[in-house]
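Here the chain labels run A, B and C in written order, and each chain numbers its own residues starting at 1.
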Amino acid sequence: MSDDDAQTPESLFQAPPLAEQERMVEAILFASAAPVTVADLHARLPHGCDAPAALSHLAKRYEGRGVRLIRVGDAWAFRTASDLAFLMTRETVETRKLSRAAIETLAIIAYHQPVTRAEIEEIRGVSVSKGTVEQLLELDWIKLGKRKQTPGRPVTFVVTRAFLDHFGLETPRDLPGLKELRAAGLLESTPSPDALPEPEGDAQDDLFVPSPPEEPPV
Amino acid sequence: MSDDDAQTPESLFQAPPLAEQERMVEAILFASAAPVTVADLHARLPHGCDAPAALSHLAKRYEGRGVRLIRVGDAWAFRTASDLAFLMTRETVETRKLSRAAIETLAIIAYHQPVTRAEIEEIRGVSVSKGTVEQLLELDWIKLGKRKQTPGRPVTFVVTRAFLDHFGLETPRDLPGLKELRAAGLLESTPSPDALPEPEGDAQDDLFVPSPPEEPPV
Amino acid sequence: MDGFEGPLDLLLTLARTQKVDLRAISVLALARQYLAFVEKARELRIELAADYLVMAAWLAFLKSRLLLPPDPEEEGPSAEDLAAHLAFQLERLEAMRKAAARLMARDQLGRDVFARGEPQGVERARRVTYTATLLDLMQGYARLRTRDDFRPFVMDRDGVFTMEEALERMRPLIGAVVEWTDILSFLPQGWNADAARCRSATAATFAATLELAKGGGLDLRQTDTFGPIHIRRRP
């Protein structure tokens, strides 16, 4: 609004002070269901208001706030600050039991680490799906260990600190051994009548000896 | 737990600075048309945030603005300043005109809550039509309160958060003239001396105290 | 009668004509006004709802009680108590009407104050977390090892020389065996060193020679118990 305009008879309907115009624009934009154009603001504000000036003051006021005044085409609207977008999603967390395949794979890695995929498959007697390993990696319960010094240098898997935390173990050595499992009634089988040497006997002894350097004892 | 241990989890989940919490609360409340409870805010904010402190800072920031932070029971919302209502003709919601009976019934429920239908009828001297109660329930301005511990265990009615929100009341205690009415003894249910004694008994003692779980005092 | 919300509302309207504070109202006069009103309605053949008539009957009773000296024999509330309660009811109804008016005069949402016009819904993001207990882990591992224990017994074929293999090996050879020869010299290469492999190869070769003898292709002889077994082509 120029000085000249202010002198005209229109001064009877003098525009409110800019601070008041800013309040008005703030309220209109807040309550509006869609972005509001400058023309629309002028139509709604009292005569003589300077919507662009009010908008620019308002934009400054909301700088760095949780909501921002933004321009959408030729219209204006309040929007959540983009860095706070995460507050606008409400995560519903669904807890599911790990699949049997995943539990068995995890158990083998925990008891035999560092262990290759081929070794896991040998123990499980079935192939390990890519999804199962990926799931365990995503859960941060297993990670890649050192490559095995055998032909093909296959990668090995070891359990993580997060795994130990989740299962309340201080070290992988705290996993109950087969004897304890049997004592707890979890292993109900009797040893084979052939009296073959029980494979677990020595397996347990050196199970966790070559723990990888990433897993220092707590 | 050693001192070291005690400090680790805190630093891991340290709450954001209060200024940042204020921005977050601002964003959440701005994005919602309905009031948001403090419990809801805590559920959505990062761990360790102090919603009441952030709210009180935020309320100060918006003092005198075109948009105000207002309290509705145990919830908070942004609302346009009432002196700017004249700008909002486009947003004005045409509400169905309430009948005189509905308005009186609403007032009686607000001032006498929790109140039974029989008590409303005793005050108005006329039976309350089903439609009136239904209309108020539909508007979400009243809801069923606890049953009265009197013979027949009649249901009671109380006002809702939406009622407080609609009429700009922080709590039911802010109803206009409530104190004067109480001082004048006009909120007491004096049993009619000739008819059978009315079953209300201690109706007034627990006027706003046993607010149902949805409306806990802030 | 359409304008009235029941007999109490009618009474309140009549009471206002007395132009005094409701607390100072003459209930006797009010009863007379009400009864006169009802009488007038009857003359005009306006049908009155039952509750208006009930109120009229009650007020007629109250009027007579107020006019008569109190009966000391009578129990229950006095006429003055009843009149006072009626005055209280009227005052309370009026108070609630005023309160209702003040309530409706407040700034109302959607009329005077406004909520966010473009609310941003909270997006629901579903996240699935998987869980397992140490017991699951132990049971899973136990299950695997249990399965191992029950694995069907499979012969270790590495240390076994079968009779079929021995037969295949012997058939082309026997044509050249003219002299008596120890069958141990027919064991395949590399099966002598290890005792178990040697036993298996010997047994298989012996069984194969028996089979060939049965078919009439060769002769067998053993000169003394546990002595070496010799074979030759049947002449």
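Basically, a contact is a pair of C-beta atoms (placed from the backbone, for glycine too) under 8 Å apart; a residue touches a chain by one contact, two chains touch by 3 or more.
Just so we're clear, the structure is a prediction, and the values are computed from it rather than from any experiment.
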Quiz item: Which neighbours do chain A and chain C have in common?
Solution: B
Quiz prompt | Centrality ranking, top chain (CA atoms only) | solution = C
Practice problem: Please identify which chain has its centre, taken as the mean of its CA atoms, farthest from the centre of chain C. | Solution: B
Self-check item: Centre distance in Å when chain A and chain C are each reduced to the mean of their C-alpha atoms
Solution: 26
Quiz item: When the C-alpha atoms of chain A and chain B are each averaged to a single point, how far apart are the two points in Å?
Solution: 36
Quiz item: For chain B and chain C, what's the span in angstrom between their mean Cα positions?
Solution: 32
Quiz prompt | chain A: positions in contact with at least two other chains | solution = 27, 30-33, 78, 80, 88, 90
Quiz item: For chain C, which residues are shared contacts with two or more other chains?
Solution: 114-117, 120, 122
Self-check item: Contact set on chain C toward chain A in their complex
Solution: 114-118, 120, 122-134, 136-150, 153
Quiz item: So in the complex, which bits of chain A are touching chain B?
Solution: 22-28, 30-33, 44-45, 64-67, 78, 80-81, 84, 87-88, 90
Quiz item: What residues of chain B sit close enough to touch chain C in their complex?
Solution: 30-34, 44, 77-82, 85, 88, 91-93, 95, 100-101, 103-104, 106-108, 110-111, 123-126, 165-169, 175-177, 181, 184, 186, 190, 192-194
Self-check item: Partner chain B, residues of chain C touching it in the complex
Solution: 5-9, 11, 51, 76-77, 81-82, 85, 88-89, 91-93, 95-100, 102-104, 106-117, 119-120, 122
